[in-house]
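Next up is a structure, given as structure tokens.
As written, the chains take the letters A, B, C and D, and residue 1 is the first residue of each chain.
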Amino acid sequence: MSVTLADAKRMIEAGEKKAAEIGQPMNIAVADAGGNIVAHVRMDGAWIGSIDISQKKAYTSRAFDITTKDLAEHSQSGNQFFGIHASNNGKIMIFAGGVPLKKEGQVVGAVGVSGGSGEQDHTVAEAAATAF
Amino acid sequence: MSVTLADAKRMIEAGEKKAAEIGQPMNIAVADAGGNIVAHVRMDGAWIGSIDISQKKAYTSRAFDITTKDLAEHSQSGNQFFGIHASNNGKIMIFAGGVPLKKEGQVVGAVGVSGGSGEQDHTVAEAAATAF
Amino acid sequence: MSVTLADAKRMIEAGEKKAAEIGQPMNIAVADAGGNIVAHVRMDGAWIGSIDISQKKAYTSRAFDITTKDLAEHSQSGNQFFGIHASNNGKIMIFAGGVPLKKEGQVVGAVGVSGGSGEQDHTVAEAAATAF
Amino acid sequence: MSVTLADAKRMIEAGEKKAAEIGQPMNIAVADAGGNIVAHVRMDGAWIGSIDISQKKAYTSRAFDITTKDLAEHSQSGNQFFGIHASNNGKIMIFAGGVPLKKEGQVVGAVGVSGGSGEQDHTVAEAAATAF
């Protein structure tokens, strides 16, 4: 398996720690190489609308092997991927918070974070990914 | 329970009164802390397309603890949450009319209104929320 | 309009009263001639899964001008309408609790109730419909 | 909050332990009073089709305050809730593995487990719920 549950828990713990530092409760999800969720947590007080978003940011980031922060740029009106959010039966999130996980140059999974500003979400996702 | 049916009826009554003043029939919905609908009314002559919208504005406003008027700004092309309307399986409304309900600093529910202009919807939602 | 908001509120009040008598909190919804919801309430403590069901029982009952209790019989495996629940994009409920509203021999709307046993739901829906 | 993240993690740990004893890797999810997911894990080797199922069993069990094992009986062809799986936009699971969480006689959340036979899923869900 590309990303084990032990990996996911370690990453989520790192993400929770960063979120606590920032003072913004988050939803944090980890997906494996198949884009399928390995684990998810909603920190106490985090937005309920972000449960779905965190899981889908993880999927999206693995689905296209890109941060959703970068995908966001390509997906604005007028840009090359505008409209991509309508694909994959509603599973594509085009705003910051999704970060791919790499092992030996290969993308083997992704982290998705939602619960604050785009910048906060991305920061927490990076912290989680670093623990991989 | 965060928002009782008695609370919801009182808020809806206040919303109906404001809508009558404005002269624009509305759909008015109230959600609880879990984002689940407590009550909904469609005033005589109000748009049938707004039944769904009012209920989803209430959900959205609780899901992200924000007015949908403010969420609208963040969700325009080029802004940090552009694409958020594709999340939560079609339940996210990103235009004015949703207002969170607060009790002791905590968001414990939301009102959603639809049936007129964005400004009218927001005004009626505020009137309903004030009755909480 | 086939069913006014005043009609719907009067019916819902009658339904709430019957549900209180039975001692089972209910979701009660009223639809008009177009199958569109006029009003809905969730009594304190009623199942959150029944919000959707009550609204869809009202739709279903008007959609086919039949109680959902009777539709249930036709919709069991082996019977003539088995599979009808897969139609109308998930809006068809095939168990008791939906009752059509008649005016001068014409069906002009419906009540949908969910929150207890099929028998309880049907009893409360009948009580609400009688107030029409 | 009805079910904290700490509660959810403790329950999931208990569920993982029971699943390991049985020798069947599982997906385990916990929902709060609003039916919204608090945490989810997929044990290494567990079915990817069960990610969604475990989360929806938790929702269902809270939505109707019942084990999905009991709901299954009511939902077979010929019984009072046959067709309930068509409600709630695809979120209703009508087979064993969902167990409500009670606090002082009130249902305040639920556990959902998927990955093995119905009996195995229910056993692991019970073990997780007991840790609440």
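Note that contacts are C-beta pairs under 8 Å (C-beta built on N, C-alpha and C of every residue); 3 or more make two chains touch, one makes a residue touch a chain.
Note that the structure is a prediction, hence the values are computed from the model and not measured.
A.B. asks: Since chain A and chain D share one sequence, what rotation angle in degrees maps the C-alpha trace of one onto the other, as a multiple of 5?
C.D. replies: In short, 180 degrees.
A.B. asks: Between B-D and B-C, which chain pair shares more contacting C-beta pairs?
C.D. replies: B-C
A.B. asks: I'd like to verify one number: the distance from the centre of chain B to the centre of chain C, where each centre is the average of its C-alpha atoms, in whole angstrom.
C.D. replies: 25
A.B. asks: Could you please state the distance in Å, as a whole number, between where the Cα atoms of chain A are centred and where those of chain B are centred?
C.D. replies: Here chain A and chain B have centroids separated by 28 Å.
A.B. asks: Where the CA atoms of chain B average out and where those of chain D average out, how many Å apart are those spots?
C.D. replies: Each chain reduced to its C-alpha mean, chain B and chain D end up 31 Å apart.
A.B. asks: Could you list which residues of chain D touch at least two other chains?
C.D. replies: Counting only residues that touch two or more other chains, chain D contributes 34-36, 89.
A.B. asks: Which of the chains touch, listed as pairs?
C.D. replies: Every pair of chains in contact is listed here: A-B, A-D, B-C, B-D, C-D.
A.B. asks: Can you list the chain C residues touching chain D in their complex?
C.D. replies: Touch list, chain C to chain D: 47-50, 52-53, 56, 72, 75-78, 85-86, 90, 92-96, 117-119.
A.B. asks: Hey, which residues of chain B end up touching chain A in the complex?
C.D. replies: 34-35, 59-60, 62-65, 77-78, 80-84, 86-90, 92
A.B. asks: What residues of chain A sit close enough to touch chain D in their complex?
C.D. replies: So the residues of chain A in touch with chain D come to 1, 4-5, 8-9, 34, 36-45, 48, 51.
A.B. asks: Please give the residue numbers of chain B that touch chain D in the complex, ascending.
C.D. replies: 32-36, 89
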